[in-house]
Amino acid sequence: MDENVTTAVLEEWVRRFAHLVAENRDHLTELDAAIGDADHGLNMDRGMKAVVAALDAATPATAGALFSKVGMTLVSTVGGASGPLFGTLFLRMGSTLGDAQATSAHELAAAFRAGLGGVVDRGKAGPEDKTMYDALAPAVEALAAAVADGADLASGLKQARDAAAAGRDATTPMLARKGRASYLGERSVGHQDPGATTVALLLDAATETAF
Amino acid sequence: MDENVTTAVLEEWVRRFAHLVAENRDHLTELDAAIGDADHGLNMDRGMKAVVAALDAATPATAGALFSKVGMTLVSTVGGASGPLFGTLFLRMGSTLGDAQATSAHELAAAFRAGLGGVVDRGKAGPEDKTMYDALAPAVEALAAAVADGADLASGLKQARDAAAAGRDATTPMLARKGRASYLGERSVGHQDPGATTVALLLDAATETAF
Amino acid sequence: MKKLINDPNDVVVEALRGIEAAHPELRVDHQHKVIYRGDAPKQGKVGIISGGGSGHEPLHGGFVGLGMLDAACAGEVFTSPVPEQMQAATKLVDGGAGVLHVVKNYTGDVMNFEMAAELAAAETGARVVSVVTDDDVAVQDSTWTAGRRGVGVTVLLEKIAGAAAEQGRDLDQVAEVARKVNANGRSMGVALTSCTVPAAGKPTFELGEGEMELGVGIHGEPGRQRLPLAPASEIAALLVEPILADLPFSTGDPVIAFVNGLGGTPLIELYVMFNEVSRILAGHGVLIARSLVGSYITSLDMAGSSVTLLKADDELLSLWDAPVNTAALRWGI
Amino acid sequence: MKKLINDPNDVVVEALRGIEAAHPELRVDHQHKVIYRGDAPKQGKVGIISGGGSGHEPLHGGFVGLGMLDAACAGEVFTSPVPEQMQAATKLVDGGAGVLHVVKNYTGDVMNFEMAAELAAAETGARVVSVVTDDDVAVQDSTWTAGRRGVGVTVLLEKIAGAAAEQGRDLDQVAEVARKVNANGRSMGVALTSCTVPAAGKPTFELGEGEMELGVGIHGEPGRQRLPLAPASEIAALLVEPILADLPFSTGDPVIAFVNGLGGTPLIELYVMFNEVSRILAGHGVLIARSLVGSYITSLDMAGSSVTLLKADDELLSLWDAPVNTAALRWGI
């Protein structure tokens, strides 16, 4: 069966994500200090606070409008690598979902996959480059598989969350080949990737939302 | 009675002084760090090492030549306040002693007093300004008094040493009115004056020399 | 954290107000955090903009003015500016001859400038060409990294490309000379201390009293190697030799030698370093044709230094010597 | 101690070699540690020399050149040079019109310059006039102190007197304008950290993480007051208000506003400070006619800043604007 989610539920997801990013701001920044430049948590928190402000100002009517606004706000407030990357993720989800009033599990899974495509187009990352890709790609696959098996969104997102968390943890032993961490060569090994950690928070937020 | 000292003995005194300054270099610099700019020990040590090098290069024949060379070397190698001040002290002693082969206690006491006069001409310091004057003036008086009482140089210099040490200690409670320490106002109270400490070393050196 | 600041989140905004107050010949678009020439846009002149994270002052805002940049975009500390900023700057300086974007090679900077160029072209049809600097030999340049970082050469490139644009060269010619600078310049840096990002409040990395970090960039990223603190003569060799090896210099080659301070290192130490650098170059028969000593591309309050060598020819030297009038670099006018 | 140096005792000598290598237009007398203009002595022009302890770079050597100093004498770190050095410099720059000695008011500097003037007069009959700067309002000026320290005003004075000399004014006129600058300028400084004298190897004073030292000079002397670290807005008020109170400024007075870094403070913080200073001055109706922001008179690696205000008039402003071509200050040429 294939239930639909309202834009309000999706907005709740985004707001939960903003909340988790704020909670983990310093942790994300510390991860970035180890293999980057100590600003990832500050960047994402600045961006998601702006997103929440934008949502407070005007409630998007459709899922497409919602994610497009999230993406645009991130692109125009975050900067760094994560601004274009997370921004493009949401922009692509928005353009994929269009202006339907409610969103099916299949549509959301497809939009999520499109978002991953956007991240790859921008950043050219692939598996095991030690980036957000390594958490995002498994999550996209897990959601798609679950939904294909007829799972409902709530359980599909739980499986995506587990996949993202596993992908995040898997970045620790990796040698970075993209982003600032790649400057470190061997010294990047043994540190968890900040961006992948943020992706895992995005899925945690989903499982904390009443889909 | 009034024995004479050879230039060799006076040179030994100067070399002992250089030795004590080197030994106390860091201590003098720390005293200067508290109420000055942390260089007095470095300054005096640089100067006295140059003096020793000059004496090694050529042994002065007369007391006048000896002290003039010491003074000129200090003026041209120390800089700061102590260069002109200690330099003038020795220059005046040199010009006062002239080119006699040997020096009497009276002559040395008079030369020492002339040196004090040179320090005052240059630095305009008086009693309780918390400077080298506060150790030098009492030493000059003590030596003159002892010699006037017919004491021999060795005991006269011991009394001068005690007077210099007392004068040095007396600088601690004083409020500085000359030199860098005066910038501190009240905060200069409770610290021993570096220059006065060096003067005490000069007299210590005298008592360690076989006059 | 000990800094002369107010709220750590206001540092960039307030520094821009300070620049505006100190340099009446400059204009500041506070909404977009863009510093631009009072006389921009110059009709018929190629516009040159750059930008990047803040914390590298005087780069880039201090290089806005006649003979160098037309505008600079200030991002958050160590975070590249957002596309809207470069889009606004591009509009401000486009005098009809197109606009050159000078971009330091960092993933974030490259992506945000890319998006800005797309947006600017879509909005005003402005012709934009980007030149990316990647001169840091501390980073292996391979398909397995994001490529070398853009560091010291960026300063020299902005000066030289700015002179070319001021001469009236067209966009392709200006881009060409800019690429020539990047191709012939190499840099390497060392940190004696970490820097402290205001919003983070504590040092980005810990470095022991007897340690130094070799091969650092300008964002407090850890370098390639942690070594025992060494005398300036050895440090200079550790910086210069890899540069000479990477970009073969031949005896008699004239270079522009740039010894840069990273923000917390005083000038007296930079001159001690320059003395060592000049001795090493003399030993290789490399000729110092021009020199620059000072803190021009910094990493907040980091103590340390970087060396940049640009293999020059008559064209580059005459463009280097051309008049420049900016807050941080000025001569000939 | 973390510094880019070799043997701590060779810092001054090696920095001089670095300056010589970086600035071919300058000459260095290594025996006397004198930096002088390649075209010195200029016949008929008043010569201007200054000097002092090292560790304040670019002061004074960075100000040698057309329109500013003819020569600078480098003492040991924080220790005034010796008479022989100023004697040699005076001889090098005397073009027959006499020589001005610019002396910062420290007991040692004053005494050594005094002896130098005596020696120079005796040796060559050179006419020497000395001007002493004493602009630091942190020090009470009374018969009970050595008088105020010479700090930031020295930079402005060397620029303005240098321009007057370049115009061909005679020694008394140049000395007069120099005294006018000193009379109308005031400064005050703050330290966030101590500095470390290379030969001492450790910080001159200890300052807690939450503390700052108000009213410091440029030699790591303790200041007048230790206070809790404060925001830039409050620090700026602590520096500017005593200056305004000491040298009454009236509404509409034009000033040259100079925000200086003490060596370890990066430019971005100085611009944050300048923003605060300009706001305070605006509040008092004081007009910023010219400004200077940067690290021009430093205290080794000390983190901190000083503010200097010079009450200007048309004469001082036009001399300030006159061409200058030195390593550290350059415009109009």
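Should a chain be cited, it is by its letter among A, B, C and D, assigned in written order, with residues numbered from 1 in that chain.
The working rule: contacts are C-beta pairs under 8 Å (C-beta built on N, C-alpha and C of every residue); 3 or more make two chains touch, one makes a residue touch a chain.
Predicted model only: the values in this text are computed from it and were never measured.
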Contact clusters after notional removal of chain D: A, C | B
Most remote chain, CA-based centroid, reference being chain D: A
Gap in Å, rounded to a whole number, between the CA centres of chain D and chain A: 55
Geometric centre distance via CA averages, chain D-chain B, whole Å: 32
Between chain D and chain C, distance of the C-alpha-averaged centres to the nearest whole Å: 29
Contacts with 2+ other chains: residues of chain B: none
Per-residue multi-chain contacts in chain D, two or more chains: none
Topology of the chain contact graph, where touching chains are joined (line, ring, star, complete, other): line
Contact pairs between chains, per stated definition: A-C, B-D, C-D
In the complex with chain D, residue positions of chain B that touch it: 29, 33-39, 42-43, 46, 75-85, 122-123, 177-180, 182-185, 187
Residue ranges of chain D in contact with chain B within the complex: 53, 75-84, 106-108, 111-112, 114-115, 138-140, 144-146, 149, 197, 199-200, 204-205, 217, 219-222, 224
Chain C-facing residues of chain D, complex: 2-7, 11, 14-19, 21-23, 54-55, 57-58, 62, 192-193, 209, 212, 229, 231-233, 235, 259, 263-276, 278, 288, 291, 293, 295, 298, 300-301, 303-305, 325, 327, 330-333
